[in-house]
Amino acid sequence: MKRLNVGVIGLGRLGKVYARDLARTIAETRVVAVADTAAGVAESIAREHDVARWFTDPLELIRDREVEAVVIVTPTDTHSSLTVAALESGKPTFCEKPPAITLPQTFAMRDAAERTRVPLHMGFMRRFDPGYAAAKKKLESGAIGNAVVFKSSSRDPYPPSVEYANPKSSGGLILDMGIHDLDLARWFMGDVESVHAIGGTLAYPQLGAVGDIDNAIVTLRFTTGRLGVVDLSRNGIYGYDIRTELLGTRGTLQIGYLRETPVNVMTEQGVTHDTVPYFMERFERAYPAQLRDFAQNVLADQPMSVTIDDGIGALTVSLAATQSRETGRPVMLRDFAAAV
Amino acid sequence: MKRLNVGVIGLGRLGKVYARDLARTIAETRVVAVADTAAGVAESIAREHDVARWFTDPLELIRDREVEAVVIVTPTDTHSSLTVAALESGKPTFCEKPPAITLPQTFAMRDAAERTRVPLHMGFMRRFDPGYAAAKKKLESGAIGNAVVFKSSSRDPYPPSVEYANPKSSGGLILDMGIHDLDLARWFMGDVESVHAIGGTLAYPQLGAVGDIDNAIVTLRFTTGRLGVVDLSRNGIYGYDIRTELLGTRGTLQIGYLRETPVNVMTEQGVTHDTVPYFMERFERAYPAQLRDFAQNVLADQPMSVTIDDGIGALTVSLAATQSRETGRPVMLRDFAAAV
Amino acid sequence: MKRLNVGVIGLGRLGKVYARDLARTIAETRVVAVADTAAGVAESIAREHDVARWFTDPLELIRDREVEAVVIVTPTDTHSSLTVAALESGKPTFCEKPPAITLPQTFAMRDAAERTRVPLHMGFMRRFDPGYAAAKKKLESGAIGNAVVFKSSSRDPYPPSVEYANPKSSGGLILDMGIHDLDLARWFMGDVESVHAIGGTLAYPQLGAVGDIDNAIVTLRFTTGRLGVVDLSRNGIYGYDIRTELLGTRGTLQIGYLRETPVNVMTEQGVTHDTVPYFMERFERAYPAQLRDFAQNVLADQPMSVTIDDGIGALTVSLAATQSRETGRPVMLRDFAAAV
Amino acid sequence: MKRLNVGVIGLGRLGKVYARDLARTIAETRVVAVADTAAGVAESIAREHDVARWFTDPLELIRDREVEAVVIVTPTDTHSSLTVAALESGKPTFCEKPPAITLPQTFAMRDAAERTRVPLHMGFMRRFDPGYAAAKKKLESGAIGNAVVFKSSSRDPYPPSVEYANPKSSGGLILDMGIHDLDLARWFMGDVESVHAIGGTLAYPQLGAVGDIDNAIVTLRFTTGRLGVVDLSRNGIYGYDIRTELLGTRGTLQIGYLRETPVNVMTEQGVTHDTVPYFMERFERAYPAQLRDFAQNVLADQPMSVTIDDGIGALTVSLAATQSRETGRPVMLRDFAAAV
């Protein structure tokens, strides 16, 4: 079987999972090199998965002859430059979401992809979750007629660290958490015409101190006149809760679940079940599925399933919603894009 | 609108509910007399519902000219004699389950019903629960093909008093609790050929002291060769839990629910909802529905929906299962009936 | 037992249910008179419940000596004048929601209540649903800490008639459907500072022809800075679906259920259960509970649980949201109230 | 990292999964050899996972110097002889369930394990399912007090082939399907004192033609006097449904789930979700977890978690229940064991 020789850049929490999935779970790939700027990390992961090459300089990995494709899981502010470098070296590239937190950086990525004609896959993994994928098929099969309202909810079980949450690096709650829901909105419903958002720092004052919020509600009008709403919260408390609903003219689809083990504990206090701890557990299957899709398409010389245009689309809505939240006024996407 | 003038005998916990339902909820009935052997009880209930006549002697109520039909909700050991008296006075009679705890008493009831040709309705209220009624319709509509296995589970949230549980008056766990499930078994599946039961006093030693058990499992073979199982427990603890499953050749029906209010409480301890407290709440709609059915059939001169033969059938299976539990051996219903 | 002698005005679908509940289910009330402008309707209902007096002129009922309290279930545009007349005749009054579709009409009601000091109860029945009532208690017990986000969703199984939907009489989707959710929002969270709404006619073009919409999303900012969102749809299709969620600093409460009978049908097509058909079934217990609460408070000379101020509050938010939907701009409640 | 070099014997449906898990998913293992008596199968699997050695003779694999541990996933009638051979060659052995379909074969396995003192792990994978493992922990933590009743249900979505079902090779329904539930019964509750079983061929006459049944109900009395019941069915139809319930003196544990994707389809026909297709999907995590546990214990020189005594215990109950089903009489385990 022909396998794709992949290099993985960025070996943080998620990068480690990607390296393991690419080395083990995914039959179509082999990991031939890993890179991380932190000393010792790359070597340790390389040894764990019998990988021959490791680097602290990501550009060395990109240049490495054995590396046929590059997977980028680094901090967001490096996505653009590394992606451009990987594309310019002619290597199909997978870039973790979000593409960046400013539009100009994503335009540079799009330009590089267009100029080099090298494939670039954007890592919006929810599209590869069995639930969302099944819902997409149901929708396309006509099961609920025409979807007219999109609802999505994301809740974290606890707040991020103050360092992480700083909007200068994270882009703020709506971008950081909401870009997944806003990507789903576009995937299921098409382009967005206008957004309005409200939000506040209601549960964790420390987030307010660095300029972030912990709850937001974003309403969307699509160019077709259809409607959407996304609510985001850092105070899920009870667990990691991701739910989406598509309300159609002939029925409704609900996607989401909220238990980890199939166990009910039934006592005088009532019936209790556990919840999904966090995103790694909830999207355990989606992560390798997207990487596998990337590899299969590269090997088969097929177009990418998720592109930088998807990244730009979701980022634009996220930024416009963030602006609306700050100004209190609805934002027309057309005006917003023109002002960039 | 023509209404049926009813007399209610027995004003304990359930009798009070029946009196209220017959006086208020059910449009087809009026309560014209009530009786209870405890001094003052009948008068108090009569005043509450503007009923003109009250008695401490049930036979006086039965003889009362205004009473057109009799509803008997007295202790089980009086069911037979009161039912016979009511039938012999020519008054259509509703008798609460179980008909009795010995077969000869039920034979007397059947004989009276046959001799007088006066209608006699057995109070197996589960048949009138919206869930069980809907399941029966689904089954008859062919939704699951041919039902081949019957499963039913009944659990009480706490044990009965030692006085109540005494098998000499209650008939023991299998009869007292299980007769409902065994009636459903016969209603859904037909006649029983043989039974086997195991049981024990596992949670409440005080029940063992009076000769009762607190858990039992009864397996059934129907005359058609089909199978059934009923499990009974006094240690539901978490609530009142009644569930039935019909496993068919083309699908399965599940009947049962386990929450009182539609509220989920979601905290770091998980997701919790409440349970159904007890039988009054679970079968809140079934109780008046059966009385209404009785009244409607009497008024329309239609045959009773549930008859003394149903009572005898369920009682026979209950007694045979009790014997099997005591002897450790399966019991053929045919042999059991012959020995009575 | 002292009972309240009630007169019921308006015997449409809901009025018939109220008359039956007041005559039968609720122990604290008696129906002594009914009125409906349609010939024959009042007489027929009076006969059904043994009520001695019936009228086609509601004012005659209000003046009737036997009538101690008035229940108004007429078309919305008559609520204000009938309520004022009833209050001025000194009779405690229950008025079905919405109080009116314009604020001046509600001000007249408030003025009459203040002037006469006669009790006036606003019929927001959801507050009396066992689920919402339990959630309120849980919230007040501190089960989820401080509630910071309110989410509510209402869906009808099919669209109203074009005649009914005409915003000139119904007030439009946001007022007609949403006033319940907006009342809950105020009940659980307090006063609203600003609203924003989007909407459209996406499923039923005939509603657009008379100027109504069939889907809307309303976001709320409370005066405390907390957030809310309500989504409304006429194309529930699958059933009547009412859900509310309170997201707190220490947990979340969900209220809502979506099945009528406790039956699962499990076949090769999957596991299927039914849904709640419509509001009568969903709020079967809430309707009599609110009437009972009204009667108990009148009899005990207690203040009303739900007042015309609640009606004015919910109506104001509904109208402001409707304006926002039309103009595309957020509306500050203070500015909106000032402009009336 | 030290890895265990494993040889896999038997590359049918399940053997292929084991080979893949051992080669890829489980970090602690490497597959160094595979064997299957069918020509070409071993070579093909070897190439897929870069395995250097392949055999048609399992004994060659057992003798292979590179092979440090042996995993046996062959047809049941070969388990005993292959296990004995592997143990005698001094190699820790994992044997798929059931150990055999006759007790003498399992005694030979036990004797070999005792004689050689080489570790032997019995493949009862349900113990490694996250749900069952969590339930075991909950039970041991005292969450439900003392478990007094064990209930378990297993349903296949469709019948096995007539060849497979033949009791001469499969041992019949109770052994083939039920041994999992009966192992859980012993794991959660301890030793069994007596069993009683009923069964029949009710849905698939072709199974009756080869002497098998398609539905059975087994009741258990444990040596402690506690109770159990297992129901088995080949006509799950709607999906693969595995459920267990532990009824305790202070609460109840339920284990089981019945959906594959977290998607609800809500239309005028009601609310529908899918089901778990079959055992591979339901126990997707349990299969590698047990192999990993085996490898970890071998590497750490720890005792096996599941032993041949567990295999003998579950098989004995299965055979006794099968005899009870055939004779119609309860079977005492002591008498049964004595007769072997």
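The first chain written gets the first letter, and so on, giving A, B, C and D; residue counts start at 1 in each chain.
Note that contacts are C-beta pairs under 8 Å (C-beta built on N, C-alpha and C of every residue); 3 or more make two chains touch, one makes a residue touch a chain.
Worth saying up front: this structure is predicted, and the values here are computed from it rather than measured.
Comparing the chain pairs B-D and B-C, the larger number of C-beta pairs in contact belongs to B-D. A centroid comparison over C-alpha atoms places D as the chain most distant from chain C. Note: centroid distance chain B to chain C, computed from Cα atoms, is 39 Å.
Residue positions of chain B touching 2 or more other chains, listed in rising order: 144, 237-238, 250-252, 259, 265-268, 274.
Note for the complex: chain B touches chain A at residues 237-239, 258-259, 265-275.
Interface residues of chain B facing chain C in the complex, by the touch rule stated above, are 1, 24-25, 27, 48, 130-131, 134-135, 138, 143-144, 250-257, 259-268, 274. Taken together, the chain B residues at the contact with chain D in this complex read 144, 148-149, 151, 153, 155, 194, 196, 198-200, 202-203, 215-217, 219, 221, 225-229, 231, 233, 235-238, 247-252, 328-330.
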